[in-house]
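Dumping the structure here so I can ask a few things about it.
By written order: A, B, C, D and E. Residues from 1 in each chain.
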Amino acid sequence: MMITVHHYLLLSIALFVIGAIGVVTRRNALIIFMSIELMLNAVNIAFLAFARWNLLIEGKMIVLFVLAVAAAEAAVGLGIVISIYRNRQTVYVDEMRLLKG
Amino acid sequence: MLDTLYQYISIQTLAWLIVALPLIGAALNALIAVGTAKREMGSYRSLVSFIGVVMPMLAFAAAAAIFVTMTSFESTDPSFITGPLFQWAVTKGLVIDIGLKMDQLSIVMALMVTGVGSLIHLYSVGYMGHDEGYARYFAELNLFLFFMLTLVLADNLVLMFVGWEGVGLCSYLLIGFWFEDIAKARAGTKAFIVNRIGDAFFLAGMFLIYAVMASANAPVNAGYFNFEMMSRYNAYFVPMAGIISLLLFGGAVGKSAQIPLYVWLPDAMAGPTPVSALIHAATMVTAGVYMVVRLNFIFALSPFALSVVASVGAATALYAATMGLTQTDIKKILAYSTISQLGYMFMAAGVGAFSAAIGHLITHAFFKALLFLCAGSVIHAMAGEQDIRKMGGLRYRMPVTCWTFVIAALAIAGIAPAAGFFSKDAILWQAFERGQYVLWTVGFIAAGMTAFYIFRAVGMVFFGESNVPPERYKKVHESPTSMAMPLIILAFLSLLGGLITVPHVLGGTDRLGTWLSKLIAYETSHAPGEESKATEIVVMVITLLWSIHFMVLGWVIYAQKREWPNAVAQKFGFVYTLVANKYYVDEIYDFLIVRPLNWISTKILWQTIDDTFVDGLAVHGTARTVGVWANIVSMAETGVLQQYLLYFLIGAVVVVGYLAL
Amino acid sequence: MDLIYSHLLSSIIFLPLAGMVIALLIPSRHEKAIRVVSMLVSVAVLVLVAKLWGMFVGTGEFEFSETIPWIPSVQIFYHVGVDGVALLLIALTAFLTPIAILASWNEITKSVKAFHVLILLLETGMLGVFASLDVFLFYVFWEVVLIPMYFLIGIWGSKDRIRAALKFFIFTMAGSVLMLAAILYASSVAGGSFDLVTWYGHKFGLMEQFFLFGAFAIAFAIKVPMVPFHTWLPDAHTEAPTAGSVILAGILLKMGTYGFYRFAMPLFPLAVVKFAPLMLTLAVIGIVYGGLVAMVQPDVKRLVAYSSISHLGFVMLGLFSLDPLAVQGAVLQMVNHGLSTGALFLMVGMLYSRRHTRMIADYGGVARTLPVLTAAFVLITFSSIGLPGLNNFVGEFLVLLGSFQTRTAYAAVSISGVVISAIYMLWMVQRVFFGEATKEENIKLPDLRVREYWVLAPIIIFIFVIGVWPKPWITMIEKSTDAFLTLSKRVEMIVPAPVPVTLNEVKIPQGGE
Amino acid sequence: MPQFAQMDWTNLFNMALPWLVVFAAAVISFLAAALVEEEDSLVIPIVALAGIAVAFAVTWQRWLSPSANPVIGMFIFDRLAFFVWLIVLAAAAIAVLLSIPYLKARSFAKPEYYGLILLSTLGMGCLVSAGDLLMIYLGIETMSLAVYVLAGFLRFRAASNEAALKYFLIGAFASAFLLMGIAFIFGSAGTTNLAVLGQRSSEILSGEGRSFFLFGMAMLLVGFGFKVAAVPFHAWAPDVYDGAPTPITVFMATAVKVAAFVAFLRVGTSALRFSGDLWITVLTVGAIVTMLVGNLAAIVQENIKRMLAYSSIAHAGYILVAFPALVNDPQGAGRAILFYLFSYVLMTAGAFAVVVAMGLGAEEHTAISRLAGLGKRRPFLAAALSLFLLSLLGIPPTIGFFGKYYLFLTAVKSGFIWLVVIAVINSAMSAYYYLRPIVVMYFRSGEEAWPTEPMNPAVVAVLAVTSISVAYFGIFPANLLAIVSRSF
Amino acid sequence: MMEAILFYILASVAVIAALLVITRANPISSALMLVVCFLASAGIFAMLGATFLAVLQVLLYAGAIMVLFVFVIMLIQTDPKDLKKRQMTFGKLLGAAAAVYLAIVLGIAVWRPPFIAAPQAGEAFLTPSTIGHQLLTTYVLPFEILSVLLLIAIIGAVVLAKKKI
């Protein structure tokens, strides 16, 4: 039973899709955000799998950057969530329908 | 004397003057009319009269001078052309010159038009004397003369058409002269529109002539529409002659008020009576006849077309005469009479007796103008009353009018030796001689009716007891000299005008026929043999007796036994109603053409096709569809983030699915 | 002055624009000054056009042509020039614009400055459309015309003006964007050039011709307008102010027919063969249908608008019958329609300014109170009907005569238009002017004012001039229409050869049969 | 991948100088924020503007004399980058200028604001000169992160919060897709360098890496589709444009979009176009749907900001019309896209500037009906808005017309005539909504004497520059066209 | 073989944890499950030879970021009873279906021969020193940009989240 790059990719895709499902099904902004983090994590797995199989260091370096960017995004994203909570006392996106049409 | 004239002015210029003088008069009077609009005319009135009357008279003088000159020409063909004043249109394939053609036919017409025209202008001075539109009236009347002379003297078909339409315009303006009466304005509109229907055919005929001339490779430079050229390339017309003739005749039917387009003429009586006399009796309505004679070289090529012309003419002659029997409006009687007489002319043309047609045209101009002017005189005296049932016994109050009217009535009834006798007899004889017995019979019957209805009018208006209220009757007076004078002159002409067409059999020379013979392509001028001579005299006498019989009948019944007609009318109630209502033709046209056209235009074309389908369904429908989709697309933007994410995901799935599989 | 004379055509095109700038600089409270300046500028344009007319030879080629590189990297040039037809229409534009300004002298009181600025801009656009020989340039001017007219209708129009303006804009826009697509495609197959003369020399493929012609034809047919693309016209005409209606009917509609004359037909002769029956059918339908619908309109302006549809049907009939006489007639008919319908709108405007209604039913019997206006109106009516001796007859006669020779059936049906036009016009005149003045308001109305005489007199003079002596006008356009026919009848197309892009002195094939 | 070790530091410094200037200005503005006491001091915006101006001048100078060897590491300092960055800088300057009165009117002139704009601009600089997918990702993130913050900058306003949240969540979601795409492209090609990808993509596509490569490409397309607001990845745009502070809306609609498009263009020309038909189909369909949805939805908008947002979606659709042409005629299509982007920035910025000018009172009024009678009250403002709208509509002689013309010409030349026909029909449809504000301004009369505030000099400056440019380049596009041609 | 067992264990933990993340009503539970998922992923990272990144994942992600998350959750949500009831809507179903379809499509696209094992030799082992070297040579430009990014994040978070500036 050989574990090939395809196995890792399938895992990555599975996590990515689970994240995507979470994004489209949940209404809590925080959980949506977490789902997105799941997707980024899946991407990282894909990068590393490819790096491993192609014997390229670039893949791993990119993951490093992705991690950093994800952290930065988390900071800003949580800031936004807090500021909206201050105004509206909610984090449910279906209650935010001020802008539409 | 003429030689002195020609030292100063060439005969060509003189010819141009015939046309130009009325135009100048029209222009001057139009300026006065615009200048005095909404103001009192004051002293301008005499200036207007002067210009208005003198110009036609000068034109008449010019025409007379040319006529005299032409008769004195020694060559066999006295006709001449003026040459182009200017070229109206010149392009590859089309040359139209503005030129006049003075020949035997046109000069006779010009004489008649200017002559009768001058008299009627003179008459109008008195008749219209107190109208506020005096200047306008004379401007329009002069303009009419201009166009009529253009029509008559034109050397090509297009210029003739200019005159043709121009007289239509003037007719429109003059019928609706008293435009404040909407019925009169309506009559003018109707006249123009009905004429236009004929003109459309005329145009089509012209286009076919062009096609023929083009196919004949005629030299373009001379102009395809030039009468001279057309007659020169006569032979090429053979294949198309029938259709061309019929189309042109369509124009004539409109202008000369034949079946089925005669309906405008009775209504046209709404105009001032001198106008009716000039335009709707003497000149314009005869333009159709003139055109047929002018183009006789085409008509003669198609026996079928000629037979159509003759049949329509005969039918109209009889049909209009029947309607003349029952009318009670004096002008209407004369109008139907005019239609009927025009029918005679077409019958003559149709059997090929073109010069007889012109002969009747001329004499008819005299006596019918006279009839109208007399009627005008009566109406003038009766303060606008036109119903003959409310007249009677007027001969004591206005003798000149009465006796001139009687002379004209004799003429139209065809009682020898008045003018109408010779000209009408010529037509009937020509029909008879050529074996057109049906036509002859129709014409014969109509002749009797003519005599009857015209003397019915004579009887009811001038003789018998007066139906005029006594106080009014006392006020009735003879017309002033300016009006009486033309009556007398025309009476003279009506009495003696027949001399120009006295046939050989009566020892005459048929001067007109001889004069015109050069121009007539196909007049079977039988040298009358002994047999036919006898026949001719027999037929003539029968016709004369027939007419006299009806004349007397009409006079007796309506001057003496006025209760009879009512009895007859009651007995033949249905027929009487039918005829008295002019066979309901106006109503039928209204029902079959006018209303459906209006309804279709309004309901189907405008409201259904235009508003509902094109604009509504197609244009606004598109807009609405776009609007609906816009709303749908806009509604998709619900404001809920998850929806957006869903669109995103579905989009991604589609893109990835398409690319990755 | 020399500069103006050496670039006479360009000076004519851009003089109104310069006038517009001047008008913009005048503070808007000096209304009189703005009016005077606009009037002077438009008259100056007329004078220059007269000068141009005097120098015009009439060779059938494009004269006064000027070529300046504009966007050379995409082969777009400022290339203008005129043949007889273009010159005639330019003259018409230059002639009607001052009249429109004069007609608005007292009528327009709102935003006077903007009004004149827009009129002058409009004039530049219209002149440019008729003078352009570069298709891109043509399209630019074509669209430039759209905006000022939109504002003219939208700001100074009557009640329903907004909808009418929008309809006008979107209709025209819809057509012209298709034309844009066609222009793009045609240029891409014609070697990237936008020069009309180069295009004339290019052999477009059969299917290409069909599609390109279709796109051009829709754009122009909307502008003409041909049935069934006509429904914008009654609305636009009805709602537009007098000057707008005059220019719209007098000139803008001619842009459509001119488009057919200059572009759609000579460029795509094979398509002309294919589509002629369709176009002729539409033209004939327009003649009859427009007339019949005009007949039953309750609104004078709508009536005149529908009559335009009918009249322009004659123009289209003339163009598509491809007969020399018919084409000449069609061109004259463009001018004649501009004069007569322009005058009709002017007079309807005069009536409106007195009575503030356009409904026929509100009038009746005004002939008594307005005798001179009535006289002029009847005159123009007969011009519009096509009375011989007046201008419209010349065009109609030539169109019918010519088309009768090549397209007998269509022409035969179209002759009915002659009757119908008499019906609707005279019926309208009868209802508006004749009869007894039963309505209080109609009894006391002032007759023509001095300014109104000046507005109408020039048009009436030309109505007579063209009607009585059409020869010089025909002579002026003859060579051009011959060239048009030569191009439009190229069923055997020119041998495909790489066309040199020499823009100066390119000659189009000399006319002749 | 070019080795960094060999890189010429001097050259890098030389080339990236404008980037550094902007960064320096940002840092200075943050430092100044600590020193300046009053909130609405003009010092910080002036610092920002000065930085942008210097950067602009330097960039222009670099454009005039580009380096012979533009590739430095993951950057490509070519004329394209400089030209686009000029546009971006101009857009940033416009955003800064408009922000001054806007924030002042709302008493919320926080000093961080301008620094964030500058940093975002810097991110765009990286994006437009990126020669590597990683750099594209980082550029996008840098640019977007700042804009997320800016969109939600008016913290007290619910709409602003909401806009920021929506933008952020969808943006992050899209980044995940983009990254996944990069991962698979990396996996199939073994590199993220665009130049190398360009050389090898045909080989990869015919090899066994094909499916990975196409998968990656699809994900990448999704990511870019989000950034340029192409349908169906557009849904955020109207809400975010609507809710964000108007100067930031300008910034998003112009600078962000331009940068994203240029990055897309770079990727498209280097690698993706070799997939030929697939690429064409997806982009053709995308272009059509984007135009349709944008134009349709814009028709029913009552709010001018939303209307312009949909309009900008539609314009993205027009630009996408030229993308399929990249396959056959990369140069022509690229130039057309660049020209259009330039014209798009001018007219969109101008139109939004008018919206800003209208919103300098106590409240921000963005309902189209509020424009009633503006033609009378503020003739210049109304005329400027009309000009921009007509330019957006594509009426000559405005730059919008020539841009559209050039764009469609390219597409036609590559044989996409039917696509162009659809595009022009859309263009006609757009007349519906572009004319509405004009109708309201000129044809309807408004009772109130509103807006009461006098024109702000900063807004006037923006309006003057944009309107004159729109008109001038519309009539004489030749010079601009020459610049564009030398940039691509 | 060992590798396979390890892989399947870690993978199933990660997937199950991920599923729990998106199904828990309470964000706290989700956050905790996310930590589990990240830890499992760290294991996967290590298996793929990126030990340093695995460590980083644990420290940075499972540690720092998730703590931040939990802080925010605690900050804004006082009572679990306030949590909204989850509801099934058509949109959600459609979204889930689309995502599943995406997974199938991707699976088919990815699951294609040749299935090859990872090459054993020549693997570039990513040590901290390699990373440092790389960051300052090849990746120096992205690294600099990253610094700008982080600057933005800091300022942005402050601007947005601070109660009063």
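Operating definition for what follows: a contact is a pair of C-beta atoms (placed from the backbone, for glycine too) under 8 Å apart; a residue touches a chain by one contact, two chains touch by 3 or more.
In this text, all values refer to a predicted model and were calculated from it rather than measured experimentally.
Which contact partners do chain A and chain D have in common?
For chain A paired with chain D, the chains in contact with each are B, E, in label order.
Could you find the two chains linked by the most C-beta contact pairs?
A-E
Which chain has the mean of its C-alpha atoms lying nearest to the mean of all protein C-alpha atoms shown?
C
Counting only C-alpha atoms to place each centre, which chain is farthest from chain A?
B
Where centres are the averaged C-alpha coordinates, which chain has the largest centre distance to chain D?
B
So what's the Cα centroid distance for chain D and chain E, whole Å?
31
Could you please state the distance in Å, as a whole number, between where the Cα atoms of chain C are centred and where those of chain D are centred?
43
Between chain B and chain D, what is the separation of their C-alpha centroids in Å?
78
Using the average of all C-alpha atoms in each chain as its centre, how far is it in Å between chain A and chain B?
Computed value for the inter-centroid distance: 97 Å.
Where in chain C do residues touch two or more of the other chains?
Counting only residues that touch two or more other chains, chain C contributes 170.
If a residue has to touch 2 or more other chains to count, which residues of chain A qualify?
5, 9, 19-20, 23-25, 27, 32-33, 49, 53, 56, 65, 69, 72-73, 76, 79-81, 83, 86, 93, 96, 98-101
Can you tell me which residues of chain B touch two or more of the remaining chains?
Residues 634, 637, 639, 641-643, 645-646, 649-650, 652, 656, 660.
Every pair of chains that touch: which are they?
A-B, A-D, A-E, B-C, B-D, B-E, C-D, D-E
Residues of chain A touching chain E in their complex?
Chain A residues touching chain E: 1-11, 13-15, 17-22, 24-28, 30-31, 33-35, 37-38, 41, 44-45, 48-49, 51-53, 55-57, 60-61, 63-65, 67-76, 78-83, 85-86, 91-92.
Contact residues on chain D for chain A in the complex?
For chain D paired with chain A, touching residues are 1, 134, 137-138, 141, 145, 148-149, 152, 155-159, 161-166, 168-169, 172-173, 175-176, 179-180, 182-184, 186-187, 190-192, 238-240, 242-243, 300-301, 303, 306.
Using the touch definition from the top, list the residues of chain D that touch chain E in their complex.
Per the touch definition, chain D meets chain E at residues 1, 3-5, 23, 30, 73-75, 110, 112, 115-116, 119-120, 122-123, 126, 134-135, 138-139, 141-142, 145-146, 148-149, 152-153, 155, 164, 208, 211-212, 214-215.
Under the stated contact criterion, what part of chain C meets chain D in this complex?
Where chain C meets chain D, its residues are 69-74, 111, 136, 139-140, 143-144, 146-147, 150-151, 154-155, 161-162, 165-166, 169-170, 173-174, 177-178, 180-181, 184-185, 187-188, 192.
Which chain E residues qualify as touching chain B in the complex?
Against chain B, chain E makes touches at 91-92, 94-95, 98-99, 101-102, 105-106, 108-109.
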